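Questions regarding the structure given below will be posed in turn.
In this document, chain identifiers A, B, C and D correspond to the written order of the chains, with residue numbering beginning at 1 in each.
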Amino acid sequence: MIRKVVPNVTQACQGIKNGMTLMFGGFGLSGIPENAIAQIVKLNKNHLTCISNNAGVDDFGLGLLLQKKQIKKMISSYVGENAEFERQMLSGELDVELIPQGTLAQRCQAAQGGFPAFYTPAGYGTEVAEGKETREFNGKWYVLEKAFEADFAFIKAWKGDEAGNLIFKGTARNFNPNMCGAAKITVVEVEELLPAGALDPNQVHIPGIFVQRIFQGENYEKRIEQLTVRKRN
Amino acid sequence: MIRKVVPNVTQACQGIKNGMTLMFGGFGLSGIPENAIAQIVKLNKNHLTCISNNAGVDDFGLGLLLQKKQIKKMISSYVGENAEFERQMLSGELDVELIPQGTLAQRCQAAQGGFPAFYTPAGYGTEVAEGKETREFNGKWYVLEKAFEADFAFIKAWKGDEAGNLIFKGTARNFNPNMCGAAKITVVEVEELLPAGALDPNQVHIPGIFVQRIFQGENYEKRIEQLTVRKRN
Amino acid sequence: MALSKEQIAKRIAKEVKDGYYVNLGIGIPTLVANFVREDINVEFQSENGVLGMGPFPFEGEEDPDLINAGKQTITTLPGASFFDSAMSFSMIRGQHVDLTILGAMEVSELGDIANWKIPGVMVKGMGGAMDLVASADNIIVAMMHTNKAGESKLLKKCTLPLTGVGCVKKVVTNLAVLEITKNGFQLLERAPGVSVEEIVDATEGNLIINGKIPEMVF
Amino acid sequence: MALSKEQIAKRIAKEVKDGYYVNLGIGIPTLVANFVREDINVEFQSENGVLGMGPFPFEGEEDPDLINAGKQTITTLPGASFFDSAMSFSMIRGQHVDLTILGAMEVSELGDIANWKIPGVMVKGMGGAMDLVASADNIIVAMMHTNKAGESKLLKKCTLPLTGVGCVKKVVTNLAVLEITKNGFQLLERAPGVSVEEIVDATEGNLIINGKIPEMVF
């Protein structure tokens, strides 16, 4: 068994440099690597390119990096919950590349799996396809999209073991598994870190081979963005 | 919940016609759809194109279809355990397309996921790439491979529920999940068919949306091809 | 009288058939789930990674690890499953989802749709919409017939950046049900009490009116 | 004296470093697992969908749902995982596997490899070998130096259909350890008691001999 455990977030985040490209798992505020984000804020690294489906909210998630203007460029599919983001984008302070959500997922998956490029129908005929190669297969048009190239992927899992095997919970799974192994170094924080052998090998979502560092996360806030409930009868 | 259950293998295999393209899960004899194969032998459909990593052994698995000369063309990555297969291939009775195993998996995955084509390094510079488009990305060469187009996918899962959700066991998983939803109709046989709600939604390997028909399989032989054991001390 | 958002959702719910997997966008489409007939079997997919969504949770039972694509807390029904984003879009791109219902800022008579960006004013992003409209065979748009300035949202040609081209099959607005055909918007039904003339006035794109147009029935 | 298959495996085992994920091909490569130092941590991947393979099962404990890519019954160690074929080749193609050891019929001085087909005689198929050799940075070939007819398997140019081009990094045979360099096979070590002349005679491809060639140490 190859051990991937590091003792804390400080060591897990070693090696981050100004100007690097970082991936972050999560959808909205669900399944985001809270500990790693806090550490990157603390490290005050800047000129970062961040790949993440969303950009957090004003005072949480990647919004914390935006507040401190650590982000030079955002690659996302939806950023609609963040006023500071919108301000920086419209003023031109922040470079933003908006891409279809499925394309975002597959550009991660391609990086993980050694595919340099793939054809997808998403965005054909729109400004997303501008400057990109397009091509017809079986009478339908597709856009050529490339694998991401990133330095770090920051992942949040539910349970993990010392070998780096991961299990995600509910819809906190989202982009997290797709980003594992999609960057040079994959750093995972977990709610529960277990000894090797504690996870059923049949139920592992992501094998440890895609993970370089794993650590026990702390103090999860797990904020809810849109609390929607029913009244009990 | 959308119910996918059919009462038996006869109904599960309805609609198979001579000349169709069929996918079969399994690696060697592990995780093969034994019930569906027996039924296709019984139906005596022929001129079939079969997509399967292997071709079974002389008297089991897809070897049973080969014996009865029901297969016109085999698309596989490795066929080394089958004398009748080798005879039919070398004599020219059987048309064979051998492709890299990872390419086979990804051509299934592409069909499942609506990707018409992808670039892979496997086979570049070999006869596998002959007649195919090749292309350089970042200094490395790749071959353009296309998604499969199949009529039926025959899948063997361990547990399944009425909604078509599937869990596979051990290395009997192999190509089975990749072939689900990769053909017009996906037919699944399971060792244990459970009511909806019996499977943990977090542990489902393949959601029912990729499955059209599911049935309780019977009389699994689960032959072992290479029995290798240690002596107890 | 023009329909309320709930009524638009109720009318669209009639398009949901037994055995459908359905993806609902944010806004009016989300409301459709409340009006689907109880005697048919339907599963709702949300592109953030869940199939088999149920109603909102009871107060106090919300789970931050269980949300829909609108970031709302949800529940699941028996037979549900969770999956990653890549698999989610395999469902969508691979045409395993039978019906997609989404909102729009503009729809053209050719079936083009714009719903993600107003240059210089608002850019929320396309989210999963571009994958959905590029892939799905069956796309219904739910929206108001006109914008807040009273201008038609059913146009000859979209003025905003497109989300997808030639993909919308049907539009249900507060005034009418329309099908996109080769020649433009074919008027199928009108809201109860709304006249054909009102619809003509509110529609900039080519409107095809064949015979008597019935009122919607819910 | 020329090495036995076990000795070839034993020598190759020295190339396996702490923290490596290793994929072992059928034949001699499979034997390598038996000789890896016990004080280092290594995980074996098998492309049919398992990481963390252990030894063969005890008699009576074999499981038909638990095999390796050679279709042999196996066991798993703590920290193991199962996955589907597409994910398995994402590990391989994505260069997450650190070392690939496989057999060959022919290797050329340029690092080309042929191991899947003899036209008109034998076609077993390439299995996962083409993905492995096209992707891995670190590929070691384990094979006999000559074929049954006594002809060299280390050639200027492969005569059989290729599995991959310019990919082999090292070759360990029953006679020698050789590295593939720009100029051909660089002789690194010779089997105990085997002379450099014997290796020269058995090698058709360009052989580079710099200085005194040490005997292998196990």
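To be clear about the criterion, a residue touches a chain if its C-beta (ideal position, glycine included) is under 8 Å from a C-beta of that chain, and two chains touch if they have at least 3 such contacts.
The structure presented is a predicted model; accordingly, all values stated were derived computationally and were not measured.
K.L.:
Averaging each chain's C-alpha atoms to get its centre, pick out the one most distant from chain A.
P.N.:
Centre of mass proxy via C-alpha means gives D as farthest from chain A.
K.L.:
Would you kindly tell me how far, in whole Å, the mean C-alpha position of chain C lies from that of chain A?
P.N.:
Between these chains, centre-to-centre, one finds 28 Å.
K.L.:
Measuring centre to centre with CA averages, how many angstrom lie between chain B and chain C?
P.N.:
36
K.L.:
Residues touching two or more other chains, restricted to chain A: which are they?
P.N.:
Correct list: 106, 109, 114-115, 120-121, 168-170, 201-202.
K.L.:
Which chain C residues sit where two or more other chains touch them?
P.N.:
50, 82-83, 86, 89, 92-93, 135, in rising order.
K.L.:
Run through the chains and report each pair that touches.
P.N.:
So the chains that touch one another pair up as A-B, A-C, A-D, B-C, B-D.
K.L.:
Using the touch rule from the top, collect the residues of chain B that touch chain D in their complex.
P.N.:
27-31, 53, 76-81, 86, 89-90, 96, 98-106, 108-109, 120-128, 158, 168-178, 205, 222-232
K.L.:
With touch defined as at the start, can you tell me which chain B residues reach chain A in the complex?
P.N.:
Interface residues on the chain B side: 106, 114-121, 137-138, 140, 142, 146, 167-170, 201-203.
K.L.:
Residue numbers of chain D touching chain B in their complex, please.
P.N.:
Going through chain D, the ones touching chain B are 46-50, 55-74, 82-86, 88-89, 92-93, 112, 116-117, 120, 122-131, 134-135, 161-166.
K.L.:
Which part of chain A faces chain D closely enough to touch in the complex?
P.N.:
Interface residues on chain A, with respect to chain D: 1-3, 109, 111-115, 161-163, 165, 181, 195-197, 199, 201-202, 204, 207-210.
K.L.:
What does chain D use to touch chain A in their complex?
P.N.:
Chain D residues touching chain A: 19-21, 41-43, 45, 50-52, 76-83, 86-87, 89-97, 135.
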